[in-house]
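The following pair of complexes shares a single chain, chain A, combined with chain B in the former and chain C in the latter.
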Partner chain A sequence: MMAYTQALFSAGIIFTVLLAVAALYCLLFSRNLIRILIGLELLTKSVTLLIALAGHITGHMALAQTMIITLIVIEVVVIAVAAGIVIGAQRHNQSLDVRMLRNLKG
Partner chain B sequence: MPVLLIIVPLLALLVLNLPWMRLMNRLALWVGLILCLIQFFLVLHSPSFFWEAPPLWLGRLFLFAPSLDYLSLVMFLAIAIVGASALLVCRYSIHDLLEPVKPGACSHKRFLVINLLILALTGMNGVVLANDLFSLYVFLEITAVASYILIVAEKGRDAFEGAFKYLVMSAVATALILAAIALLMLTAGDLSYANIKLAMSASSDSHIVLAAVAMLVVGLFIKGGLIPFHGWLPDAYSAAPAAVSVLLAGIVTKTTGVYTLIRIVLSVIGFSDTLENLLLLIGAASMLVGALAALGQSDFKRMLAYSSISQVGYMVLGLGAGTILGLAGSIFHLFNHAIFKSLLFVNAAAVEQQTGTRDMNRMGGIAEKMPVTGCTSIIAFLSTAGIPPLAGFWSKLIIIVALWQSGHIAYAVLAILASLLTLAYFLSMQRRVFFGKLAAGFENLKEANVWILIPACVLAAITIGVGIGIPWLFETFLLPIRSLL
Partner chain C sequence: MTFGIVYIALLMLLLLAGIWTVMTLNLLKSAIGLAITSAILSLLLFLMAAPLAGVFELSVCAGLITVVFISAISLTKPLTGTEARARDHSRVKRFILLPVIIVAVAWGLYVMHPHLDLPLPAADVERDVRQVFWNIRRIDLVGQILVILAGVFGVVILFKDHPDTKGEIPRTPDAGRRTTDKDRPDTKEGTPA
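And then the complex of A and B:
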């Protein structure tokens, strides 16, 4: 049983980290605002996976499920607001390029 | 039943959004102000039937048991004061009732902004009350989402840019905090502060705990806008509408970043040498870089935003001293900063509304035409720079003495030097904006109206009062902090 938990934990951590790295790559190197939102979604997904893993390993699945459902709800709200902001930026700049967001500096 | 501080504003929001639009439009501001005033008097008079009574059936709907100590009371006070000022500035700076309604345009912008302000205040009350990491996360997100929408309330081009940067950085911070929560759940199996603290003291040097603490602290640094994670902060503050800048700079980032950091360090992580060194380093860097960057700004609100980073540096430095005196200084400075930085942003709102510009190079001699705004801004900047006997002097003095006592003499000297830099950039601001010869084109400038002079005068009075009343406040405000450690 111990070895099983260990293997599950390692596999889960590796997958979570891979997902998070992909998300960070997407956040850092994409120039499209929508892609940045997708990167944020991916990042949250990797964290959700980590919470599910923690709940499964410690045997507190009920707590983890509550957390994940709440997290999904909040995430949808954040992404909806973010999409609204992207639409607003697109209306002002006529473009989804993140390089257009350079007005404020100093 | 402190949980009522979350439930009542939420119910008020529900009632305000019942379909009697015209009536509610007029009521919204007063409902918000009354909520803030009630909170203010509940803290000042602290009736035990409110703070200590067991929750009613309504409170039991919440799964979390709210925690309450001295630190929470200070935060409630600051939230109420800054919230009321933001609502009054909102009444002053957002005009919509008289404008003709364009098809498709939002005809009740002020109503929406007031609703979101109340939501942000609710979220911050929740952050202060939270007793486990998960409700902390939920309330952090409520506050953050309300502030994203508030920043873009005026739909300007810069506002979308600032809000997008804030949103991305804040979402990354949230992901870091959540990952830390997952890792802590892995070691503790539970999320309440007390249980995590127990589990952490049992396995303090495991790699998982270290990674969790690192992610948690970095996430909170991003939320608080500390160097090197400050990129979003000046953009978000300067692009936001005036009322929202008051709220964001005065209390939102301080609650979600600094207060949460203090709370987590006190109740969960506990002080250790590594953490203290990290806090000292980041605090000193924020203090100096914020002050130096503020020197070179010509946008009024942007300069205040960098000044805010610098002052947050002081708070983190006080926390990093790791002693009870440092903690007292940190909390006291948090409160003072909420007052004087709100006052400066209120003044910035008045100046921007009356002159139509935020460029300090185009202003000059405004104090002649706007005497109250000029006078209150002098009080605020002297307090920020730490000139006795104003409030900011005492909190900075406590932080510096705490640093000296705990053996961090170099950091104490840096804090004094940064105070000189603060004086330098504020003097430059005063000279360019308020003093000197009246700039061309401002001959017909008028003083702002009463909606903005009330919060300005009240905040200035609090700053002076706290500074002069320090012998009395020492007993009632600073000594109870001993109970926290």
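And then the complex of A and C:
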């Protein structure tokens, strides 16, 4: 029974790694600022799943839940501020393309 | 056994939703895909006996963050037809490798078969999330309050009106006009006749 449980959670960790790979690919190869934020959000999802898996395996689910809640709060604040920055950049440059962000000097 | 089947099915759905979110061409569909990913993750959290985290994930990530993304998309200027076609062509070329990489990494992990020497659950662990949250991890609350305040002030500063965009009437007709090359006497166009 324990081997079955460990196999299940090993599968969970493999799926978490695959989701993180997809998110990192999105972060690296996207040129749209909003899509980069979506990649960041997906990466956070994989981290959330990893924390939940760790909590479930070790039996410290209450601690894992508090950490997930803290992570969600930080995630929301980061996305809200980043969305504001994206809207400001779009108004300034008339584009969401990261290659157009060349006026950060001075 | 049922737990295992549902668990693996949800994990596969989560991965498929994540890949669809990354690969879809439409930005709005991508935001919706992210909401679906969050909803599947919250189901997984419910399944792993983390109902409070699941509720937070469902309400905040699948709800609030999707609203923020859709608002940001609607506040930005959409691409024209030609730009969108050029973008789609370039994007398909850049993202066609993603499924191949995912399959390669999955195959590599399956072949390596990482043996996770995971410890067994502790005999006497805390069970009540409220007790952990309010007593053991109390300092996290202070951090969360500070992060929320930083976010609020950040958004307020980002959307603060600049003095020249408040609709003030300039005193002279040229008072509100920005200086251009034409105004400089040393340039060719600004040289008086």
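Simple rule for what comes next: the second predicted complex is superposed on the first by the 102 of 106 C-alpha atoms of A that agree within 3 Å, B and C clash if a C-alpha of one lies under 4 Å from a C-alpha of the other, contacts with A are read in each partner's own complex, and residues count from 1 in each chain.
One rule holds for everything that comes next: a contact is a pair of C-beta atoms (placed from the backbone, for glycine too) under 8 Å apart; a residue touches a chain by one contact, two chains touch by 3 or more.
Because the structure is a prediction, the values reported are computed rather than measured.
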First, second, both or neither for A:25, with chain B first and chain C second: second
Which partner, chain B or chain C, touches more chain A residues: C
First, second, both or neither for A:74, with chain B first and chain C second: both
Which superposed partner A:93 touches (first chain B, second chain C, both, neither): first
Which of chain B and chain C A:10 touches, first, second, both or neither: second
Contacts of A:47 with chain B and chain C, given as first, second, both or neither: first
Common ground on chain A, meaning residues reached by chain C in one complex and by chain B in the other: 53, 55, 57-60, 63-64, 67, 70, 74, 77-78, 81, 84-86, 88
Contacting residues of chain C [partner chain A, same complex]: 4, 7-8, 11-12, 14-15, 18-19, 21-22, 27, 30-31, 34, 37-38, 41, 44-45, 48-50, 52-53, 56-57, 60-61, 64-65, 68-69, 71-73, 75-77, 94-95, 98, 101-102, 105-106, 109-110, 114, 116, 118-122, 125-129, 131-133, 136-137, 140, 143-144, 147-148, 150-151, 154-155, 158-159
Chain A residues touching chain B - in the complex, by the definition given at the top: 20, 27, 33, 36, 40, 43-44, 46-47, 50-51, 53-55, 57-60, 63-64, 67, 70-71, 74, 77-78, 81-82, 84-86, 88-89, 92-93, 101-104, 106
List of chain B residues in touch with chain A within their complex: 134, 138, 141, 144-145, 148-149, 152, 155, 157-158, 160-165, 167-168, 171-172, 174-175, 178-179, 181-183, 185-186, 189-191, 234-235, 238-239, 296-299, 302
Chain C-touching residues of chain A, taken from the complex the two chains share: 2, 4, 6, 8-15, 17-19, 21-23, 25-26, 29, 32, 34-35, 37-39, 41-42, 45, 48-49, 52-53, 55-70, 72-81, 83-88, 90, 94, 96
